[in-house]
Amino acid sequence: MEKKEVLNVKGLSAGYGPMRVIHDLDLIVYSGERVGLVGLNGHGKSTLFLGIAGLTGWQRGSIKLNGVEVGRTRSQGPGRYTHQVVHHGLALIPQGDEIFTGLTVEEHLDSGAFTPRAWRERAERKERVLRIFPPLKKLMKTAVGRLSGGERRMVSIGRGLMAEASLFLVDEPSLGLAPKIGKGVLDALMSVELGQSAMIIAEQNVALLEGRVDRVIGMHVGKLKGEASASLTFQTRVMT
Amino acid sequence: MTATWKNPISAFDPEKPVEEVVTNDYLSPQSQWDAVRAYNVPTYEVGRLRYYHKWGGHGARLWSRLRYWPTRRRVLDISGEYNAKTLRRQKTIEDKRPIWWVLALLALAIVPFFIPENQQNALLTAGAVFGIYAAINLCWMLIIGTAGIYSLATYAVVGAAAYGTAYLSIHLGLPWWAMPLIGSIIGLVFGVIIAIPATRLEGFYYALLTLGLVELCRVYVLQSREFGSATGGLFGADSYIPQAWPQHDQLMLGYYAGLALMILALFLFRFVNGKRLGRVLRMAPEKREAFAEATGVNYRAARIQVFLISSLALGFIGGFYSTHFRGAAPNLFSFDTMLLSLSMLVIGGLGRSEGAVLGTLIVVFIDRVLVDWGPMRFVLIGTLMLLVVLFLRGGLFGIKEQFRAWRDKKKSENRSSRAEKGGEMLPEEATETPNKDIIYFRRFDKMQRDFLKKLITPELIEEHRKRPLGQHSEALERVLTYFRRQPLNDKYAITVIEPFKSYRIVALSGSRGVAPRLVEDKTYGTPDEAYHALFMRRVQDLLES
Amino acid sequence: MTHRFSRRHVVGGLAAGAVAMPFVSRRSARAADPILIGLPTAQTAQAGVADHADYLNGATLAMEEINAAGGVLGREIQFVVVDLDPLSPESCQIAISKLVDTKVHAIGCAFTLVPIPTADASSKYKCPFLWGVTQRNYTEEVAKDPEKYGHCFQTDPSEVHYGYTFPTFLKDMKDQGVWKPLNNGVHIVQEQIAYNQTISKALQAALPNSEFTLAKVTDIQYPVQDWGPVIQDIKATGAGAVMIDHWVAAEYAAFVKQYQADPLKGALVYLQYGPSQPEFLELSGAAAEGFVWSTVLGVYADEKGKAFREKYQKRFPGIMGLCYTGNAYDTVYFLKNAWEAVGDPSKFKEVCNWIRVNSYRGVCGFMDMNNKYQECAHFPDNGYDVTAKELEKGMGQLFFQVQDVQHKIIYPDPLKEVALRPAPWWT
Amino acid sequence: MNWGFVIANAITLACIYGTLAIGLSITWSSLGLINMAYGFIFALSGYGAWLAAQHVSANGFIVMAAGILTGAAGGLLVCALAFIPIHDKPNFTVRGMIATLAVSLVGNQALLWYFGPRAKSLPQLFGASQTSIFGVVMTADKIGAVVSSVVLLSAVLLWMRSSRRGLEIRAMMMNPHAASIVGIGVRRTGFYVMALTGGLAGLASVLLSQTYYVGPFSGITPMVKGLSVALCGGLGSVFGAVIAAALLGINEAMTSVVFGGQYVLITQFALIILILLIRPRGIAGILDKAREA
């Protein structure tokens, strides 16, 4: 299978107002890759994701998604262009519950498939998501506002997987969940077949990623600090 | 290049001709320093630091003794200090707003004497209307701004008090001085009734409810025979303006009475918004109520208190309204009146007393004085409203603040998104570097490299090619000194493969025991050639850095 | 030192300018020297804009004629137009103050709905103030305090006459045999504003003196969403005559449409003043056929009136209002006569006295305001205050019927164009 | 009491109110904008239809289409003036409301200036016939208005429930941030929501032209009514608005029969106050299945 660049970030700086969180960052992700992004709290993992989606306060630098430039080089209203980035093939599964409380689980999953092709194929895609998260099958007609944290997380990730995306950004999938459930969610993510697309998983708990991703990148004060194949030695080197 | 460099050593060998080389013009290293020090980011002179005018002499202690009776507040917030340079006493007015207020109110007080005669009636009548509306708007501002209750029932309270007192005055002969007092009782009762749902409802739902109340009042007044459904209003109440006076005196009295009412309302605003209640409520802004409650702030009680106090005041104004206009009309309750009043608050700026007064002044002037403009007035008011809402966050009086916030945002964004401020290090990296000398060294190094880049010219290279070793011109000497001073790791060196025949360029490893590594395949026939090739490599590195 | 000096200089200059300003403007005002008539005109309000526009047009027509003929006393007439909201006392007072400031020689106005504060604002200036306000409550104040309101004249009869005259009209119709009533009941459907209330009260006061009786009073409230319940009520009451005491032309149009669909057979349905507004016919079209309405102030269809209609149509093409156009036209001519008789428009007291004592026959009838109410006398005689026994001593209340999508005067007899004819639902 | 008459009347009024409220409710629910310029759009589209009837053809379809198109254009204008520039700025709800108020202030004066104060009427869309149903006489335009508003309301409800755009609108109303993450553009959605609700206002204006004639201020009453119904139903809930419309319609029909027409406004606002006191978030407060996020 030919490897092509799904994401090419060059010289990305991003932040909120006077605060600069990401400094001059370069990153290339190839198709078929599953990349782990590790780093301490507040070192810019989520901001990198939000920056790619165009949701930060300001940002500079180039972001190429499937060869299309989606970076904005002026300060902007956060989210003003996000939908365009999404239509170029990005699926962002954000940290915390960014869900639509009033919609049912089914409608919610549908809402993840807003690109024309995904909308046409949404039945099969729903099938696929339900295979990954079988507990959702019983909850299809329930309003999302009534679900528990773990179920919400599943819905949120499921919504991301519904999209016809070439790049999945998964932000802290295990955050705030019981360890066992968190592991289950991660297992589900690992079981997704990527095909031509790529996935970046940001995680603080490196142990969960160990040996299950293609490579791991460390993040430290807004810069990438080396990379390695997933192993605990890497963790010790980065974290000290 | 006209400059030539004469080799000073030539003097020792008079037989040979003086060696002359074409070289660069002299460029002072100071020029680079100046260029770096010149601030390139666009900045604005205004307000980089808040500018305070310093007055001479002492006075801080004198001024702090003066208080506004009966408060403990100082008349002017003046601080005094010794100037460390001049060793003289000086004082600063920290808060100039009282001065502006006094000047503005003085201007309003003397303006009737400067009105041209052919404008007097219209302007004085409008002036009295302005005073009354400004007072109403100040009380409304307390409700919307300070208490954060979106009540549209302000005019219902005013109207109820106006109608009530007018009715009492007509039928029971209530004298004019009692009307505002009775009015405030009516206002308080009305306020209690309206305040009950305010504890339960929020935001737009409460606004709708109060809108409903206003509509109810309007409909009731239109239908009720006691309240003058037959005359389009209730007229004939006692007035504080003696009917026998000439018109001009009547208007003057009305104007000053309106002004006095506005000043009373300003004091009320100050005492509620600036004191305990206002501070409590500022601790509980919208959507943070739960947090405020958790810290022990009883914001509900404070809100209701503010609401009741302003209802009382609105009732007072209502009573005044009916003695001023000798009655009340249903249009007090109409949607248009409310809309116009809302535009006054918005144009001036929500939440501030000066905004309420200025907004009222502008809108009353357009609406009431420019009556010969016809429909253009409303277009003007509407456009003004639209522009204010679209571009200003806090009305006209928020402009300064908003401009500062915008400028600071832009400045900090520029500063933080620029990679090279201060040289080689990012601010975050710099804070994590324990040895601060490194930061300064890097900054100096960058500056030096920038300067040397300017010195690299074809002449210079040509000079080096001709004679890599020996005495050089000043410019080349500077460049070479910099190159030689570089640390050992990755420093270029020449290795002799075969003496006088074959030389190659290598890079030193910098650590003891580790062999240098080759950097290119090329071999050079003479040492000079090798020297020059090495020089070129370094120049290239310099230019690329 | 220089700094201080200059500041003083500036302050002095400002003060001098402020003192000088009144003189400058006064001189410029005297140079123009026309006779000024102040016209407070509602241009932006939600109510009354159409009537006020009519008034302005009628006055403009008169002004142009007079100026073309050489003006008054050799001086031109000019208008000062200011905007007002007829519902708001503050707005009305400011409009009048503005006119007082410009030193107008007279004020002419269609109406305001808060007449007392409006009149108050002019009570010290006392220039002649002529308006078609049509309110007895206000003219009563004039009667009570002639000292204060002596300069205010109502250029039409008061609205009470709508009520007082209605039984007379019904009786005449009955006597003439053009209308055979179902019974003698009169059903009043009344709106809540002052004007309608007063009319309803007057009618209720007048009914016991006639052969007719009050059948029922139904209250309605503007805006009327749906006339269904009212029509239902009318049918249930079954009175011989129905008075719809309302004021909004558009809602009248909605009423006539619904009534035509489901009428009370044989009832005479009378609509208050509203249909005089031109849009009524436009909106209701054929559905208005057969309804009766009236106005105390309207352009006659006699020779004089017809000539005026022609002139007006030529100057302001389109649909013509028939009330305030003529009233404004008459008012300006009446003022012209007064000024010519007195000789100096700035002698307000003399001009007012002249207007009070003298009269004028205009396109809307005979204006004679020499009574304590200072309002025009009403014709036909209905036995109440300020009515005229003969047509040429008062203003005729014109009763119209919509016939073939046209308003036709059917009463009073000296003025009538056609007779009342059966409405479509009578048969 | 004639029950058939009361019921027929209640249905008519409920349909009118529903038609008026639905546009406001959708605007609020998806854009968070209280569109106080709704009355202006209503009046504007009435004039659009009137111009078409005068100059193009008095055919019902053409008049209706002209009304809808003008309304949509008016919606786009309001969107461009009062939504796009400030939708991501602080305090948007209040500022948006006041911006639309300003648009309506200027717009109404412009209409008054351009078209004059006199009301205009549109041709009767459904003919002038009349029928009697259960002893209640209904004119054709009333029946037409009722039928078309029922069709319209159910179509909109169905569309909101089942179509992709409806899903987008509902998603945006619940969490605009998350909506942008799933690829819903706020500005683009804003434009088509405003065009749609503007079109609805235009349609309502044409349908109700026999009740509210076309005039410069003719939109104010419908707007206040629509706003009351929308708020009473619970801001943002289309279904709640429909129920509120039904309740207010019944109330008005009953009041005018039992007490008399002059008490309609009083009972109407009393009812709204009562509903809000019981359910502080409107009727939809009862229907809301989800907990607060």
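Order of writing sets the chain letters: A, B, C and D. Residues in each chain are counted from 1.
In this section, a residue touches a chain if its C-beta (ideal position, glycine included) is under 8 Å from a C-beta of that chain, and two chains touch if they have at least 3 such contacts.
Keep in mind the model is a prediction, meaning the values are calculated, not measured.
> Report back the single chain whose CA centre is most distant from the CA centre of subunit A.
Centroid comparison gives C as the farthest chain from subunit A.
> Taking the mean of all protein CA atoms as the centre, name the chain whose own CA mean is closest to it.
So the chain sitting closest to the middle is D.
> Using Cα averages as centroids, what's the distance between subunit A and subunit D in whole Å?
About 41 Å separates the centre of subunit A from that of subunit D.
> Can you give the whole-Å distance between the Cα centres of subunit A and subunit B?
That gives a centre separation of 38 Å.
> Determine the centre-to-centre distance between subunit B and subunit C, using the mean Cα coordinates as centres, and give it in whole Å.
The mean C-alpha positions of subunit B and subunit C differ by 55 Å.
> Compute the distance, rounded to whole Å, between the mean C-alpha positions of subunit A and subunit C.
A distance of 74 Å separates the two centres.
> Specify, in ascending order, the residues of subunit B that touch 2 or more different other chains.
219, 223, 375, 378
> For subunit A, which residues are shared contacts with two or more other chains?
none
> Which residues belonging to subunit D are in contact with no fewer than two other chains?
109, 112, 220, 262, 265
> With touch defined as at the start, can you tell me which subunit C residues reach subunit D in the complex?
For this pair, the touching residues of subunit C are 43-44, 46, 49-50, 53, 192, 218-221, 223-226, 228-230, 232, 249-250, 253-254, 257-258, 261-262, 277-279, 282-285, 319.
> What does subunit D use to touch subunit A in their complex?
Touching subunit A: residues 88, 164, 167-168, 170-171, 174-188, 288-293 of subunit D.
> In their shared complex, at which residues does subunit A touch subunit D?
Going through subunit A, the ones touching subunit D are 53, 55, 77-80, 82-84, 86-87, 92, 94, 97-103, 107, 110-112, 114-115, 119, 143-146, 159, 163.
> Please output the residues of subunit B touching subunit C within their complex, sorted ascending.
Residues of subunit B touching subunit C: 114, 116-122, 124-126, 129, 219, 222-223, 225, 228-233, 235-236, 246-247, 250-251, 325-327, 329-331, 334, 336-337, 368-369, 371-375, 377-378.
> Contact residues on subunit B for subunit D in the complex?
197, 200-202, 204-205, 208-209, 212-213, 215-216, 219-220, 223, 335, 339, 342-343, 346, 350, 375, 378-379, 381-383, 385-386, 389-390, 393
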